[in-house]
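Shared between the two complexes below is chain A, which pairs with chain B and chain C, respectively.
Presenting the complex of A and B:
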């Protein structure tokens, strides 16, 4: 069993029980994952082809649940709201995060404090983040209203108005997740090689030229990964909306996850909700895999 | 000079944007409901700790906190042990049909799917097993989620450790598993710490499954218990704010304590 092409790991060959070791080491983790994630995934697929009453299946309906989705105005609206929310939040976060990372690249006093403070929004429980923003937006008790009244204005309406509530939700997401974008991009910037930048400085290139010709192209892969990670994550946003607006007013902030949750637990349409979530899962996986392919192409060029 | 002014202004602006909402949460939690809704003060004129006392005397926040700690501890501890072994197997062994690589890819794929996708079947599973509203139901669910990323994260930490050290230990008479336990595991300790911290954060903060799987203070976690305060008609802003502070405090304190490991965990993978 010795050849030059084999991985160095192969040199480690024990005897007896050691031969079974890799399987024994993989088994516990796989068992848990198969039981609690993969079986439900399969069960969800099965549930999505059935009609339920009071939590138990009553009929097989084939792909009917899936067909119904595409003529369900509420589903299509939820999908549209989700896409708008994700696109808007993630692009604002990417721009702000990148700007902030560039700003913090130079060492100066106060930067440690800044970095420490920026950790807070993304580690706070999302439910609490939503409470924080309710306390800001509330028209009777909120910070905005209190500020407005202190300056002689009236109550500020955020959560009662469709457009304002949607923007309010985006602002919440930007507050919570720009720091993550910032940290990833800062780590990326710090890992760039120094030589090209020194050469550019010797050549007397201006700040904008350096950014456009060096920093941005070199940062493209990291930026792409950060955006993909955030996009996938934002697609599943639930907690913050559940606490902040519950999807309202009307359907203005009803993301796909909220609609699915209500379909299952409020309207008790278990099979239909399962079909909805299978569809969401496929969309996200599709997004992720095309993103990975895109990244490989960027890497190659 | 002007660049210094810009720097100071930008830094103060960012600090204000991050800290002002948190100031408002804490300040609201120290006011009475009357002061909040009727006077609209910008800071607590008559500071009181009543809201906090009420959470623990009338609203069972003690149970929520205890449930959160138990569930987080067990699901992270089990996932770490099980995940470390799995990650090691994937990092070090070459199995027939590249099985170890396929398992790794499979776990990564599971990680990409948003958890909400399996919410309904997990609920049905726990319903049929009689595990709704129990610690065990939550622990099983969180452990499974944690395993997928513990394996993924720790695999790269194990790869960084040279294989020669294990070989030397085996020459000295250690078994394969003994070499893993005595040599590799201690060397991977910083990586394990980063993984554990990240897992604690995600598990402690989880809300969606806690919402679907628990219904009473018997098993409700902090985020889930906090959400019960939010009624249809919100009047008790003061309790809500105090609950927010209590819910956020342990995790923010923890995060600042382990900041360096945390940043490593959050940014890794993206930059590599």
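Presenting the complex of A and C:
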């Protein structure tokens, strides 16, 4: 009897509301997703097919912006610099991060503190990191110059030299993002089963063979995910370069993001910049997809 | 093959005393089962022999060699793990061949040996598969194959059957026993399952609280337990224990005098006897008031098919009795429990068996 008197309380507004209720409850979330994700994406796509003057669209140009990209030497250079930057940074980060993770897997005094210290760079605001590195690299009052002079050398040129500036940028990225690799790989290592490693030790494997025959093959999927994540992220590197070099000297550190920013805000070519970023987005998406497919193939074989 | 010896092996994990001082010798070619409840130290003892854990103090010998400080790979042993511990990204053949490959055995010799052990364990058709494509029983066979592919000084097995389902466990139990007999290998087998220990082993070592309680052939573990722990841990249902006090012609248990032979009674007098132990199959159900039997009432009746387990409430505690399959009786019914006192173990206040049973399942001891 109790249920008979209580049930109607939930359906006071009738059957119409019953049908609409799920949609009503989804509406706030859906609105936010549409507003901040879908609409900007669509707007960006639309912008990439237009020509702009003083921030307003003036003409539809179809795919012309996209075509122009591939004969733009500055774009191609920026793309090349970005690929070099990403490849170098991410591979150094992967190797360093893996080594640190293997080291921190062991239990010894102070290991917890060490693990915590190691992830600090990752949680500092990128702009702050870049400012600190500019203070280190500065040729007049920088830390490196001070060190060099203390040892009887001259001023150290980092940001004024093309190659040095590029390497300096990679070092900054490695310093800041190795911790992320380290964290993902440490979590991966900690989740591996113990027994196969003990079995291998009993079966006669030394430390190197255990790594080559067990650790590395078992970690391959985690490593791949970490590399894909970092690669996608590194393609979008902006703040550090913006603060450190603004892309200079010359075009030595002009990553695709800096070139896109310049195109949009310095040169006011909003449509062209949109086409550029859509293209980069597609390239990264393609990279990620092929990486994951490759991973699946390795896994399945 | 070699003998195995633990000498005063102690293992502490921080403040936790896992092995108190283990002295244990396994003769060459013998199958020893280390039996005990969780946390008794049996797995730690095995891992110390494997070199996966270091003892806090004491020494371990394999054959004549002191291996206490050696790396696992230098100990010349093979181990089967509870979770099989197969190498997930290698094929079955690569798994089995790994101990040979790591030692640089030539390809042809290795392939021949892999084929040989795969045939013994009937997994020849699985050689190209990977571990995750195998069933539990197949993985178990691969793990065994990997262990026997070399000719090690000793086999170590850490609860190898406990991840299998009941039926498969029964089959594999027999297979491992056959395999070990065929190889005539020194084997240390850790288990918490008394049936595995009793059925497979030449020697059973019962452990509890970091101490070896008793080491003896299975039948002696069952018939002549060294103490109250072994008596109640081995046997299913476990040995019945009743408190007793000394009396003129015997001991007082369950409200009746149980007469004892003169020699045993003298031993009881000397030893501060506090409890009597009786195996359920040494007891029988008798009419109420039967002479010499202990009066009680039926508490639970459990028909097992081949027999009936009857739990009887006596003055002083409950006892289990193995009755015939055609036993009929109902809960609350007054009956009595009869037994031959010559089959009883008597325990002193320290829990040690002060007076052993006289008969040994019909065999005079």
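To be clear about the criterion, the second predicted complex is superposed on the first by the 272 of 301 C-alpha atoms of A that agree within 3 Å, B and C clash if a C-alpha of one lies under 4 Å from a C-alpha of the other, contacts with A are read in each partner's own complex, and residues count from 1 in each chain.
As a working rule, a residue touches a chain if its C-beta (ideal position, glycine included) is under 8 Å from a C-beta of that chain, and two chains touch if they have at least 3 such contacts.
Worth saying up front: this structure is predicted, and the values here are computed from it rather than measured.
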- Message: Quick check on the chain A-based superposition: chain B and chain C, clash or fit?
- Response: fit
- Message: Once chain A of both complexes is superposed, is A:102 in touch with chain B (first), chain C (second), both, or neither?
- Response: neither
- So, does A:133 touch the first partner chain B, the second partner chain C, both, or neither? first
- Which one hits more chain A residues, chain B or chain C? B
- Looking at the overlay, does A:200 come into contact with chain B only (first), chain C only (second), both, or neither? second
- Message: Is A:51 touching anything from chain B or chain C once the two structures are fitted on A? First, second, both or neither.
- Response: neither
- First (chain B), second (chain C), both or neither touched by A:209: second
- Message: By the touch definition at the top of the document, which applies to A:145: first (chain B), second (chain C), both, or neither?
- Response: first
- Message: Output check: A:235 vs chain B and chain C. Expected answer is one of first, second, both, neither. What do you get?
- Response: first
- Message: Per the contact definition in the header, classify A:217: touching chain B only (first), chain C only (second), both, or neither.
- Response: second
- Smallest separation in angstrom, by C-alpha atoms, between chain B and chain C in the superposition: 15
- Message: Counting contacts the way the document defines them, which residues of chain A are shared by the two interfaces, the one with chain B and the one with chain C?
- Response: none
- Once bound in the complex, which stretches of chain A touch chain B? 6-12, 14, 17-18, 21-23, 25-26, 28-30, 32-33, 35-41, 43-44, 47, 55, 100, 103, 108, 110-111, 113-114, 116-128, 131-136, 138, 140-141, 143, 145-147, 149-150, 175, 179-180, 183-184, 187-188, 191, 222, 225-226, 229, 232, 235-236, 238-239, 242-243, 257, 260-261, 264-265, 270, 273-274, 277-278, 280-281, 284-285, 288
- Item | Complex contacts: residues of chain B adjacent to chain A | 7-8, 10-11, 14-15, 17-22, 24-25, 28, 36-37, 40-42, 78, 82-83, 85-86, 88-90, 92-95, 100, 103, 107, 109-110, 112-125, 127, 140-141, 143-145, 147-148, 151, 163, 166-167, 170, 175-177, 201, 204-205, 207-208, 211-212, 222-223, 226-227, 230, 234, 237, 240-241, 243-244, 247-248, 251-252, 255-256, 259, 262-263, 266-267, 269-271
- Query: Which bits of chain C are touching chain A when the two form their complex?
  - Reply: 50-52, 71-73, 75, 77-79, 81-90, 98-99, 102-103, 146, 156
- Message: Residue numbers of chain A touching chain C in their complex, please.
- Response: 193, 195-196, 198-206, 209, 213-214, 217-218
